[in-house]
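Input: a single structure, listed below in structure tokens.
Per-chain numbering from 1; labels A, B, C and D assigned in written order.
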Amino acid sequence: MNYWDYIRVEELLKLQGGLEGDESKMTNHEVLFITVHQVYELWFKLALREAISARDLFRKNPVPDVELSAAVRSFKRIATIFEQAVSHFKVVETLTTRDYLDFRDQLIPASGFQSAQVRELEVLLGLEDNRRVPLGKEKSFMEALKGEGGKPSRAFQRVESRLGDKPTLKDAVYEWLARTPIYGGVHSEEGTVEFLRSFLASHKKDAAVRLERAMHVAGTAVEASEVRARYEREMQNAESFLFAEDDPTADADTKRRRRDVRAAVLFLESYRELPRLAWAREVVDSVIEMEQGMILWRQRHARMVERVIGRRVGTGGSAGVDYLDETALKYRIFVDLWGVRALLLRAPILPAVEHEEAYRFRVEDRS
Amino acid sequence: MNYWDYIRVEELLKLQGGLEGDESKMTNHEVLFITVHQVYELWFKLALREAISARDLFRKNPVPDVELSAAVRSFKRIATIFEQAVSHFKVVETLTTRDYLDFRDQLIPASGFQSAQVRELEVLLGLEDNRRVPLGKEKSFMEALKGEGGKPSRAFQRVESRLGDKPTLKDAVYEWLARTPIYGGVHSEEGTVEFLRSFLASHKKDAAVRLERAMHVAGTAVEASEVRARYEREMQNAESFLFAEDDPTADADTKRRRRDVRAAVLFLESYRELPRLAWAREVVDSVIEMEQGMILWRQRHARMVERVIGRRVGTGGSAGVDYLDETALKYRIFVDLWGVRALLLRAPILPAVEHEEAYRFRVEDRS
Amino acid sequence: MNYWDYIRVEELLKLQGGLEGDESKMTNHEVLFITVHQVYELWFKLALREAISARDLFRKNPVPDVELSAAVRSFKRIATIFEQAVSHFKVVETLTTRDYLDFRDQLIPASGFQSAQVRELEVLLGLEDNRRVPLGKEKSFMEALKGEGGKPSRAFQRVESRLGDKPTLKDAVYEWLARTPIYGGVHSEEGTVEFLRSFLASHKKDAAVRLERAMHVAGTAVEASEVRARYEREMQNAESFLFAEDDPTADADTKRRRRDVRAAVLFLESYRELPRLAWAREVVDSVIEMEQGMILWRQRHARMVERVIGRRVGTGGSAGVDYLDETALKYRIFVDLWGVRALLLRAPILPAVEHEEAYRFRVEDRS
Amino acid sequence: MNYWDYIRVEELLKLQGGLEGDESKMTNHEVLFITVHQVYELWFKLALREAISARDLFRKNPVPDVELSAAVRSFKRIATIFEQAVSHFKVVETLTTRDYLDFRDQLIPASGFQSAQVRELEVLLGLEDNRRVPLGKEKSFMEALKGEGGKPSRAFQRVESRLGDKPTLKDAVYEWLARTPIYGGVHSEEGTVEFLRSFLASHKKDAAVRLERAMHVAGTAVEASEVRARYEREMQNAESFLFAEDDPTADADTKRRRRDVRAAVLFLESYRELPRLAWAREVVDSVIEMEQGMILWRQRHARMVERVIGRRVGTGGSAGVDYLDETALKYRIFVDLWGVRALLLRAPILPAVEHEEAYRFRVEDRS
């Protein structure tokens, strides 16, 4: 086999015909624009494959531990892909406003918003519909994927079929997390609740110390009472979050699962050195890293658009820069993982792990 | 001279004593934390020097063209510094939440918000007070810089003296921009107004074409009328922005200067190939690049904080992540430069430059 | 037009069939491998287009100065592309050795060495044949591009036709440089020689000062005489390089052209602030930046290969890592530009420019 | 505590006095130069601390597995630091040649080569003396660290005391690796040898297949016999490397330890999914990553120097660019880890692990 057949170079290099369908009539600027988007689509395809692999792994019950490192690698690979995607915007920024305007106006309504794979990735990972930011004239993000005259396009079909592809990565990871054994070799209601109670006791003690320090700094009586109120709110929030009482409309099953997921993440992050927990904790960390990568990509996208064309209406009819900045902050998927992060305590004040021996092992020769 | 004396290595390496004042008792994590902030302060010092040099250059009248490339280099150097600052957050992210919490709680109220040099940079560049986001208990950003018992600290003095160091970089650059000769070898009211009128005529024609295209895509009659309204608003806004009628409360002088600055930027970006305009246009582009670098740094800062400790109250009492995200979008300085960007037209529909010969020259031998 | 038709997403996403020709049977690792190479080929296509545009510009006589900034942008865009290419290796490094070996052995003799576009880029830029590092069994780099049974492949044809596409970028840029007017508005033998003589006088004076300083530091008499010999060699080399006497076998015309190119670069870099020289100097700097980008890409390539599979024989039969490291240092194109860099002097000791007024102008209103 | 006291900002910002000792007389370029080096020294200090922590951990016997993840984090942190150090060169490259020459010549013999901490890091990690590239007039790298008149400087003392600080990181890690239990719960001569024999059998079978494929591609009879010879050499080298017969002058103890280290790395990398091996394997990977980071830093250093001043003699008297490029490739420390990498086989042809159950465990609840 030759390199060029393997990589399918000739076919690949024929796909930059642009608006004219004739490469020789195109400027380098338009070729750049197409190239950047093609590179993104290639990366997104790989990111999707990795997310599917990870999802398929976590839907197993039990998840073979021997495969957890593969999941971590998938998440880290997606993160690395988004890191490259972030720096790609530097290439786009070699376009001046005028270069880009030369062909941009003819693109309407073509828009990066019509990238089916970005939508697929959001759907597969588990972005909830109620978090979506409505976009200009579109009733929904699915409308933007319809072809002329409202006909379902291949892009539409891709996303539609992904909407039916369950469970989402989030659901699969959460199911697995909810089975984490806390305080002993097997998962149990009692172990979980006991751990949460001990943890909240430590959290309270710590908050009291911090409150005292903050009171010391506070100037006036008004300030002092504000500070006190803030700390009390913080303590109540911690408890209601961990016991999943923060959404009273949820049913009992949902609450229990949420509590178990949050307790698991709290446990894994709090006792991160315990060897048996190591890969589970790496899973949590790499999911966070992956999601951070996507947020950074959205924010960098907003900055690139603002730099190249300023705050005009996007080709897809969106509010352009503002829309991108808004989605960056709102399109959160693994909210429970981020939520736990704000509650962690420093090691010296953590309650001791019960049944610690169940989480240890050693590689090295003991003899 | 030896390297170690020149770099003052020994003195430098003694400044990481931390909370204890004794390095041998510190964890590597705390040393990392201090190191990152010291590295930032060193870079900020240099960024300040470069901004001062550029400001001093633009306060000259006339600005010697031979020095414009030096100003561009200063702006690009600041942009490069912020690019490094962005990637530094990756080092901070090698801290786990627990590592950081170990010493973080004792830092209160010490906070990166107390970095005098960041405030100085904002002040020197020309961030306006009414754009500042109020922070927790502080009445003003100056309060946060006071020492214990409200005594003025060295940090406070630094920023205070910078507040008196006029003109700001923005004002100096704007003064110079306002003198740009448009449509001929010298600056004149007539040339400027004539250019703006021609440009707006082209802008209108272009908007009409784009409107037609958008109408073609619009589905319903309601959508169509919304689209039409949007384009009409766009045309009106363009005119009132360029003639600086967007803020009716401004006095005539302020309006005229704003108009001249905006016209100059529009002119430089529209006819960017003309050799005599080249360095002036590079100045505009590099200022944009510099400001983009600072925005990206603030957004990345928010992501790092969220990743390491989640959305808790900052050590300085701020709302943490939300505060950082908000300042990233609100702390804009060169708003006129960004504003013009959204109005630029593609080259083929620009009006011809009058007196084009005044903007040409050639390096190469003609003989 | 829709995004998916414009970007040709569906066709693009069907090109990752790999060895099996069936994507569903492929591992994510192989898809990653193909994707990275496809991304590279897309970027190289754009880099080629930019290099051709720049070459076409410099083959004009005279080169319109209004277009020099376009050339600079082409070079900087190529540099940015290579910068992205460098960081792409991080994605490849998410492959473990074992992942890669799984499909690598079946690729023989397919090899990145068979990338026609990399060869085209080298040829177009002007890499000389005698600098090429011979690769394993191949008699020449052209052999590696032949298909099975030695049939000329499309890859072979690409490079062959590029070999006939003259002038190279280097030759075109050098022709333009050789026409630079030195010491006055037009190019002349006298101006050039006079400048070189004045410059060499300053160079000699500077070397004498540096020699004295070095003698002060030198310990023994032997050291002192070595230091003196080194400085004398340096002075002689500077003169023979600038007057192009370093290759005595060259004919008079070649020598004169070389001298003129080197003198031009020396002049442009020495008086870099002069406005009329600004874009010509930016050309020189951006060519250097572009070539540096390519060297860094080759070195990073070597490091990636070493990390993923160690120092084994490459799929193309090459010596792998060593071969890559060797080409990084040997495949130099713009050697005269690099050569001049080592001779530049600090501003205060440069001879004054004669006819300086010929190189000045001012954008700003003088009135 | 305030930020400015904690970070010691005022003291820090007073250390950029340069050659003059008076900041107000310095150019921004010289401040930049000093700043970059100070930033490097701050990072190197942290890198040293992390390397010491890791070394201290691996000198324990047995190494508590609960701490392996801390070692991995130390290595990754050092790698991240060097990654930042690599991109810092971009800041230096905002210096033009002339900017730098303005103060460079007065620095002689001050040189980055006099950075004690770089030397300390090399020494602590375990760079062997016979790998060092001799530098210009210096008899040894220690000479360069002496003060005027040959007096021992603080820099000299730092490195001297580090030379006595044993074991090196390499030795400590190797001791730990040599105790790895292969083929069962405890380390044994028999398990190790049995594994190596099985592995070499697989390696041989694989080489035979690859040889056949290569023969198929080979053109002439001469080529064919060359290819065959190459594969036979490869097989012999693999065996002599793994059984540490590659250096016949070594004594039996040294050979046995080398064999055990190489066998351990081979084992860990070959069966990387086994949970009990996971952290040990991460140790190996992160050491490789750390060393790669240092090589990339040296190569990037060479490119920066070449770009800023070309190939002149360094301030420290070294051969400049060539010296830096040479050290990048020669200064290898963990050569056994790199060596094993070239021998790994793809998973399907690996021999089965004996006593696999000894390397498994599961986090998740089994019930």
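We adopt the following convention: a contact is a pair of C-beta atoms (placed from the backbone, for glycine too) under 8 Å apart; a residue touches a chain by one contact, two chains touch by 3 or more.
On a predicted model such as this, the values are computed, not experimentally measured, just so you know.
Taking shared numbers over all numbers used, the chain B to chain C interface scores over half, which places it in the same class. Put simply, the chain farthest from chain B by mean CA position is D. For the pair chain C and chain D, the distance between C-alpha centroids works out to 29 Å. Distance between chain B and chain C, defined via averaged C-alpha coordinates, is recorded as 34 Å. Note: centroid distance chain A to chain C, computed from Cα atoms, is 40 Å. For chain A, residues touching at least two other chains, in rising order: 109, 272. On chain B, the positions that touch chain D within their shared complex are 1-13, 15-19, 28, 31-32, 34-35, 37-39, 41-43, 45-46, 49-50, 53, 73-74, 76-77, 80-81, 83-84, 87-88, 90-91, 94, 106-107, 109-117, 147-148, 153-155. For chain C in complex with chain D, the residues that touch the partner chain are 96-98, 101-102, 105, 108-109, 137, 206, 209-210, 213-214, 217-219, 223, 226, 230, 234, 269-270, 272, 288-289, 292, 295-296, 299-300, 303, 306-307, 309-313, 317, 325, 329, 338-348.
Considering their complex, residues 62-70, 176, 179-181, 185-187, 272-280, 360-367 of chain D touch chain A.
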